[in-house]
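Both complexes shown next keep subunit A, but they swap its partner, so subunit B is in the first and subunit C is in the second.
== the complex of A and B ==
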């Protein structure tokens, strides 16, 4: 069990917007693949990075730490993180940790894309 | 006797007994004592080897043992997160990923609650000072991006109890059943 159990797919939906589709677990083992996916998502100049959590199985405190690291990186590079597809439990965790104050949350991709301007 | 001691600490040395005020206080203390003596029935106990990622096994086993109880999806999610985080902490900080001493978990129920008791071999060690995570401080680089575990556990449970002796550390995660 001590390896990354996550699959990330990066797609560019608009010139300034990329989506990272997350499938699996965000924990300490996901660090390298998540950071690599972020590099890929921003390599064409995208300023809005949408994180798609629809197929997230599990995220622990280390995973939350990784999102904070990603957020720091995004803010330094003047990029914006947007989330969609979070289930009720993880939406609550975003609220408890106040991640939702720095990463705007939308229910689905359509709403998130509409706001990514 | 315990009630009188509690009452004395509540009122201070110069109190004057006034029935109408004192009786509700004693009633509340009776209720608190009854809560302490809550009867717990052990549903299951198992061990988890200390290895990164094994907290998911602990979480899944606890869920399997609790199936059949009147637990909502949202309460299950809270239990899963609290058990996973506590088990991770026990493996990493309590047992320091020892190959000898696994993490022990017990699943207990009472009339209106569920308790998950997580025991590691981290007794007798001083715990690192708890720093309340603050997202703004983390984004400004004043705190590590990590350090969310205990905060998550505290946010998920209805009650958290920690006991230690020279050998063991026991963390009790208590959840009230709804309805």
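== the complex of A and C ==
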């Protein structure tokens, strides 16, 4: 199987908030690393999970499926998934797939952190 | 990704459908009706009614000496031919192109034991091609379609073999469909269809591939907020449309059309 071409960094910015910095490609092969990052991000009890897409190179439709899986897991744990740093193209993809109705999108980290209360 | 592309740029925009508020019937095949496409919005797995399921179907194409892109090209070209009897798909002119409608005429089942036979409730609708590249493509459903969500079709290399995969993220669109999926053979029919398609694909390459299927219920809850979608139910609307056909002929006759 092709290898995942993605690097994820998890950092806790507030006691109840973690940021997952995404660098690379979100496709079907990113599932394990993305879910591992989510587990790490929530291990300290964070209720707000911020996805940083500023260094996203590429996402295909399998990546949308991964985000839906992540979203459902977060919702079932009563956590919020928030996105920031999407470029115009991927912002449109979120609208096209109507992910934007469930994942709040902010332009940058500062705005996203301000709303993560 | 080509070497010229820069991270984060719009380099893959041609692979995705353009955002639209509502769908347009476009080049509808003759004999079908647009009532379940024209003006409908495309909806994802988050906007449906029933339980959310992720289902993955795979077949290993052992010994097939073709690239993933070549296998996918053949799959795209023969997508309609690989469907089981009674399940009619119509590729758009120009083939699998993001933003185009792939029309579907597929009667819905009403009896669980006969899930492998064409159903009895007429259903004409379609899906929007959401994404397409050389090795995969995805479709997204319109309002009123039996399920709300996405289907991803892909070919990739694993342990030296090509693997063809269908993966769905979807939930029943409304309470009638949810009942049908659970108790009338709808889920079994759906699984039969994709196992059949992958079997036909492997047979096309002379491989007697065994299709595996895994299912995971991502969200067992019901989204009652979408119960009202029952008025857009494509099966009901197609049935009413067909029942009213003699009346339309009669009316058109007296109008001189």
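Methods note: the second predicted complex is superposed on the first by the 116 of 117 C-alpha atoms of A that agree within 3 Å, B and C clash if a C-alpha of one lies under 4 Å from a C-alpha of the other, contacts with A are read in each partner's own complex, and residues count from 1 in each chain.
Convention: a residue touches a chain if its C-beta (ideal position, glycine included) is under 8 Å from a C-beta of that chain, and two chains touch if they have at least 3 such contacts.
The model shown is predicted, which means the values in this text are computed figures rather than measured ones.
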item	value
Superposed partners subunit B and subunit C on subunit A - clash or fit	clash
Touched partner set for A:102, first subunit B, second subunit C, both or neither	both
Subunit B versus subunit C as contact partner of A:39, first or second or both or neither	neither
Partner chain(s) touched by A:54 [first = subunit B, second = subunit C, both, neither]	second
Contacts of A:62 with subunit B and subunit C, given as first, second, both or neither	both
Partner chain in contact with A:7 - subunit B first, subunit C second, else both or neither	neither
Single subunit C stretch clashing with subunit B - from 114-122, 132-140, 204-212 or 240-248	132-140
Common interface residues of subunit A - those touching subunit B in one complex and subunit C in the other	1-2, 28, 58, 60-62, 64-65, 68-69, 71-72, 75, 88-89, 93, 96-99, 101-102
Residue ranges of subunit B touching subunit A (in the complex, touch as defined)	51-57, 74, 77-78, 81, 84-85, 88, 133, 135, 138-139, 141, 144-149, 151-152, 155
Subunit B partner contacts - residues on subunit A that touch it in the complex	1-3, 25, 27-29, 58, 60-62, 64-66, 68-69, 71-72, 75, 88-89, 93, 96-99, 101-102
Complex contact set, residues of subunit A against subunit C	1-2, 28, 54-58, 60-62, 64-65, 68-69, 71-73, 75-76, 87-89, 92-93, 95-99, 101-102
Contacting residues of subunit C [partner subunit A, same complex]	1, 7-13, 15-19, 42-47, 52, 54, 130-131, 133, 136-138, 140, 150, 152, 154, 156-159, 167, 169, 218-219
